[in-house]
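As written, the chain order gives the labels A, B, C, D and E, with residue 1 at the start of each chain.
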Amino acid sequence: MGPRDADPTLATLIEYGHGAEAFQETHFTSLTDGEDYQPRHPLLWLNLHGLANIDLLKVVGRRFGLHPLVLEDILNTEQRPKVEVFNGYVFICLRLVSVNEQGEICSEHVSIVLGRNYVLTFQEQPSGTFNQIREGLKSSQSQLRRFGSDYLVYTLLDKLVDRYFLVLEALSERCEDLDDAISSGPNPAQLQEIQALRRTMQYVKRGLWPLREVMNTLQRDEADFFRDETQLYLRDVYDHVVQMIESGEALRDLVNSLQDNYMSLQSNRMNIEMRRLTVLTTIFMPLTLIAGIYGMNFEVMPELHWRWGYFAVLGGMAVIGLSLTLYFRAKRWF
Amino acid sequence: MGPRDADPTLATLIEYGHGAEAFQETHFTSLTDGEDYQPRHPLLWLNLHGLANIDLLKVVGRRFGLHPLVLEDILNTEQRPKVEVFNGYVFICLRLVSVNEQGEICSEHVSIVLGRNYVLTFQEQPSGTFNQIREGLKSSQSQLRRFGSDYLVYTLLDKLVDRYFLVLEALSERCEDLDDAISSGPNPAQLQEIQALRRTMQYVKRGLWPLREVMNTLQRDEADFFRDETQLYLRDVYDHVVQMIESGEALRDLVNSLQDNYMSLQSNRMNIEMRRLTVLTTIFMPLTLIAGIYGMNFEVMPELHWRWGYFAVLGGMAVIGLSLTLYFRAKRWF
Amino acid sequence: MGPRDADPTLATLIEYGHGAEAFQETHFTSLTDGEDYQPRHPLLWLNLHGLANIDLLKVVGRRFGLHPLVLEDILNTEQRPKVEVFNGYVFICLRLVSVNEQGEICSEHVSIVLGRNYVLTFQEQPSGTFNQIREGLKSSQSQLRRFGSDYLVYTLLDKLVDRYFLVLEALSERCEDLDDAISSGPNPAQLQEIQALRRTMQYVKRGLWPLREVMNTLQRDEADFFRDETQLYLRDVYDHVVQMIESGEALRDLVNSLQDNYMSLQSNRMNIEMRRLTVLTTIFMPLTLIAGIYGMNFEVMPELHWRWGYFAVLGGMAVIGLSLTLYFRAKRWF
Amino acid sequence: MGPRDADPTLATLIEYGHGAEAFQETHFTSLTDGEDYQPRHPLLWLNLHGLANIDLLKVVGRRFGLHPLVLEDILNTEQRPKVEVFNGYVFICLRLVSVNEQGEICSEHVSIVLGRNYVLTFQEQPSGTFNQIREGLKSSQSQLRRFGSDYLVYTLLDKLVDRYFLVLEALSERCEDLDDAISSGPNPAQLQEIQALRRTMQYVKRGLWPLREVMNTLQRDEADFFRDETQLYLRDVYDHVVQMIESGEALRDLVNSLQDNYMSLQSNRMNIEMRRLTVLTTIFMPLTLIAGIYGMNFEVMPELHWRWGYFAVLGGMAVIGLSLTLYFRAKRWF
Amino acid sequence: MGPRDADPTLATLIEYGHGAEAFQETHFTSLTDGEDYQPRHPLLWLNLHGLANIDLLKVVGRRFGLHPLVLEDILNTEQRPKVEVFNGYVFICLRLVSVNEQGEICSEHVSIVLGRNYVLTFQEQPSGTFNQIREGLKSSQSQLRRFGSDYLVYTLLDKLVDRYFLVLEALSERCEDLDDAISSGPNPAQLQEIQALRRTMQYVKRGLWPLREVMNTLQRDEADFFRDETQLYLRDVYDHVVQMIESGEALRDLVNSLQDNYMSLQSNRMNIEMRRLTVLTTIFMPLTLIAGIYGMNFEVMPELHWRWGYFAVLGGMAVIGLSLTLYFRAKRWF
């Protein structure tokens, strides 16, 4: 509960309208700058990086009339994805997932507030996720400029949701690598890896599953924040979410079957080991018995006095040993 | 995202009406041909093979007023089956599955657009799947000619859905072969096969499960694209989909029970191996002990001086060995 | 798709009304007979055995105005149980299950068409399932005569559904026999039997589960084919179906626990085997070592020259062997 | 189907009203007595013990206008719990469970019919379950007397439902005893016990689960048999049922985890056994080899002629044996 | 059923209003005090610690017009969480969970009654859970004073629900500790711990799962006990409950995977043990055979007379033993 890191908060305000020149980007570094600022274009997008500057959040909250519970949810980096409709604005909570350079999956809390003609976005860290969208807004030809704030929110959601495709792909690859590794020889480190995969799946699931509900609520859109035109695009995002949830479920089944596979291969190996021991015992026991017999000290043991007795016995042993070996080889027992 | 292979796109336009002569088939090879073309019969069916020619798609999209998101979904070969109702047309996404010569299951992305008096179909490759329907249209007596575009779409859906019957049958057969193989002797290659079956099942599932929802949406048909007459036929396709989903679930249970069976048989074998080792040890250990005893060097060991001592001991050993062997045989221990 | 066997099709027409004499049974052997036939009583029941005579089916279809899809479903012996309401009649598909003399469960496709004053039944084979109902109709006092065609359909459904009780009972018995057999000693043949039971359960499930939906649809009865009076009876059949589905689920849990049980008992046996081997080794290894020690050829080994050395060692061996044996017996290790 | 035992049927009629004296209890022993009987108080409760006297049932059925299907359900001792609303009365089927002296769980079929001013109850056997309620009715101060027949039915339901608490508690205790027994040493008899627990759970489940639906239907009470006042009490019973179903589910999870536990402990023991064998082999094999080496008959074996050779070897053996033993002890391997 | 411990019951009455001075706290020690008491401020909060004084409960019940079933539920310390709307008040049952000093999870039954301008709370024991809220009420600036009784109930619910976060965190930690312990070496005590975790999870689940329904019912708030303002806060509590249920489910999956992991690691160890035995047998068996061969008593055994025979054999043995050891080491078999 509360910001996880303390980057200096930096607010970026983008004002835009339908006209070719109707675009302006302002960077705020002090609270007082922002409080007095009067925008000149009809549509606003205010982006805040870092959540440590609680005073700034409060100023923004007051200016846009946000409910205290909204501010609380913006600050709660463990908040589950959700949509809440307030009087005059919609509040959307999401998780932005990404695969870092070490191949680990990490996630970040992102909040979006959509008002009648403004969009507020709150990120934990200054990641460059929205840069592309900002560039798009600069071009006066782009759909982003022609459509309203609701279309901007769609673009943001689409961006965030598409990130899950990459994450699921990375997980799927790890899963297949692990499957190959297990098939070529199970070892306990793989169990740890299966366990780790399971946890990561759960982590992703917590960000992804609630998105279905989020998109559903947005599509129903009882307070009419999205125009019919944009609704078609939301439906598209919803489809992506459903498709990814299905992939996630399939992946989960796969991970479960990995554990089963591990156990089966373990048990297989055990069988092979057992058989090897049986084969060894079967070959050596009769030979040892024979040696033991001719090591007995009976007075009358005619074979002991035969000239070729010793060699005959050695030969016999060799024949028994070899034929047993060949027999087991033929049965492919080792 | 984007076409998987780059066959030269080829558009085929079929125009037809109720009259006996009201049928014409035109093949387009250049974009300009199509743009200027004016159809002479009331009902149209435009079929496009291959998705590489994006310009053509754009021309078609503009001519029939398709939404950009529809064009995107037509090109996205990983798109999940779905129906979307737009203003003036319904857009249907499906997967066409087939079993190739190697017995592998492969699938293809097929899109259908049903307008008030036209049908557009988009396929990844020029497979001959729809040839039979095209032939049917040529006959002025066929139901296809008498009914409208909605009935044509039903025929296409029926064709695509029926393909799943073949695929499920092929899977069911592979499953039973595997079951027999496991019962006659489990080996790790079968585990790989079970895993492969599981993946194929998931692959089929992803194409088949969403069909239930697709057919449901079409049956509700809130925008009234299908006449009551055709609705009865859609209900029939829906039934087939439900039946196939049930078969799929049954198959999945079967695959799961294969793994259980494998494990049980493995453990059974282990038991047999163990018993064999125990039997061997039980037979040879006493004999080796006896040989060891008469190999001791005590001065006073009366048996050693008996005339038939050696033979008696050999005979005793044979008796012990044989009777133990017979005992275990009788208990069917090996 | 299509009839499984080619018995000569035989149509039986029963006409009846409320009056004491209002009953007549006619057997048709040729198509033309039937086409010209004019019934004399208000209520009709036409029963067709065998589905090979497709011409007859077409004649019946034309006469009673059946939709081509209905005829298709009547012929499709793999059709899943369902109800479909058409304009003027209800079409019901069911599976008739039975346990044959070999204790195997087999099933048959039965179709029922209920019109305003007629009932059509279509069976794969001339089984005597409906004979009792036919006899009932002959008696002018029976409820069947007093009530209409809807009550006749209830009686047919009740008959078909009750068959499942017998089948589930037979399965339950097989399941308990198997449980006893496994408990008294697991062997791989039982695994085959578990697998077979599972398949049979799935087979029964496919006929039984959809019945709930069928009965539900009939009870809602939006087209008003059943009178309120008969509705009470349908509710009763619905109850039976629900009860049987619950029994089926319970049976399924039981079959699953059989496999678990098998595995546990296997592993138990393995433990016993292992222990036996350990006991054997523990007893014989020290004795063999002792024999080995006194078989060494050192010049100075005082015990070898003792008068009772040999007997003392033999005695010592016996004491060690016996005491170990008694110790393990006391611990109930073998 | 049909009564399980043939106790002489005994009908007890309790008539009561709001007044202090308005209470009378009559015992019927012959059919004719009952047929002519005219009650003097406004509210009736007729209780029938034993279901063998079918004639009596028919008389009661005729007198209170019960539907033939209701009589059938009253007689069917395997009937699943349910509610059915008929014209003028509600019919409720339940199972009365109890733990007998042997700790076994047994159940009995109980039917209740609630009319506008009468209650009929049908029990398999004359158990004293309702005695307490009968006593309550005698007191003119009791709520039972002040409220109507609907409150009497609530009291009966509450009584029957509360019985499940005892049964679940008994099962929970058996489950915990078994868990302790397994933890202190798994043996196959426990598997039988787990299996038995599972079956009992299913048995209880069949009586308990449908109660949720029963109470739900009664609460909806579309035919208005229960006054608003009594509805609050029904809601309370519903809560109890939900709570017990949750306990049942928890118990079921527990039983499943018992089997897992059994398997894990089995496998643990196997490991211990295995280790013991390995330790034994590791200790004795080198000693036996040494004895074997000095038992060889080479001419030149200097050690054999050393004075203390024998004792040195014996000492060496003891040192090896002891140090290995101590080593394994230190590693807590046996 | 009934209070679990018999602390002397102590009632605390807090009266408050919107004014700065409108706050008063009264402690009741005798029944008569309370009966005559007339409050001076518009809003009341009556808190009762301990449930042993049934007379007090009855007095409170009479004074606030509580239904007998409500009093029963307040006393039933095993009552499942629920909401019930009565005429004039809402009754809410909850479980207050906490982690005690021994790390054990324990829970307590808490009941809340919300009337139009009063709140009653009933606790099993005088825990200090609500002290903070009481302090908050003292401050005339706090939201608690500005809003009505409904907001006070929200604050109580929020407090109780937040406790589950701590409990789930404690469980999650125990789960991870156990996972580490199992990975570093499975032993049966861990099985006991897994079992204990499972039971605790079920215990928590029984308190937490029904909360979703409770919050849902409160949010629907058909009887309008909560103002729109407060509804936003209830929605927030609902979100927390959903998030915790998801964490609970994830935890449950984790506990299940612990058991799987245990089994896999056990089986792994078994494999290692088995291999060790095989390696030992493979090394010692040939050496013992060689010693046995040269212990035979044949007259003609040339090697025995070779000068360096004995040393050659010893050397050969050493070479065989060492090379086998090195071979197995290289294969990392022990």
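Just so we're on the same page, a residue touches a chain if its C-beta (ideal position, glycine included) is under 8 Å from a C-beta of that chain, and two chains touch if they have at least 3 such contacts.
Owing to the predicted nature of the structure, the values given are computational and were not obtained by experimental measurement.
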Contacts common to subunit A and subunit D (chain labels): E
Superposing rotation of subunit D relative to subunit E, computed on C-alpha atoms, to nearest 5°: 70
Length of the line joining the C-alpha centres of subunit C and subunit E, rounded to whole Å: 44
Centre distance in Å when subunit A and subunit B are each reduced to the mean of their C-alpha atoms: 27
Sites on subunit E at which at least two other chains make contact: 263, 267, 270, 274, 277, 281, 288, 292, 295-297, 301
Round-the-ring chain order [start: subunit A; next: subunit B]: A, B, C, D, E
Partner subunit D, residues of subunit C touching it in the complex: 179, 183, 232-233, 235-236, 239, 242-243, 246, 250, 253-254, 257, 260-261, 263-265, 267-268, 270-271, 274-275, 277-278, 281-282, 285-286, 288-289, 292-293, 295-301
Residue ranges of subunit C in contact with subunit B within the complex: 67, 69, 72-73, 79-80, 82, 84, 86, 186-188, 191-192, 195, 198-199, 202, 205-206, 259, 262-263, 266-267, 269-270, 273-274, 276-277, 280-281, 284, 287-288, 291-292, 294-297, 301, 303-310, 313-314, 317
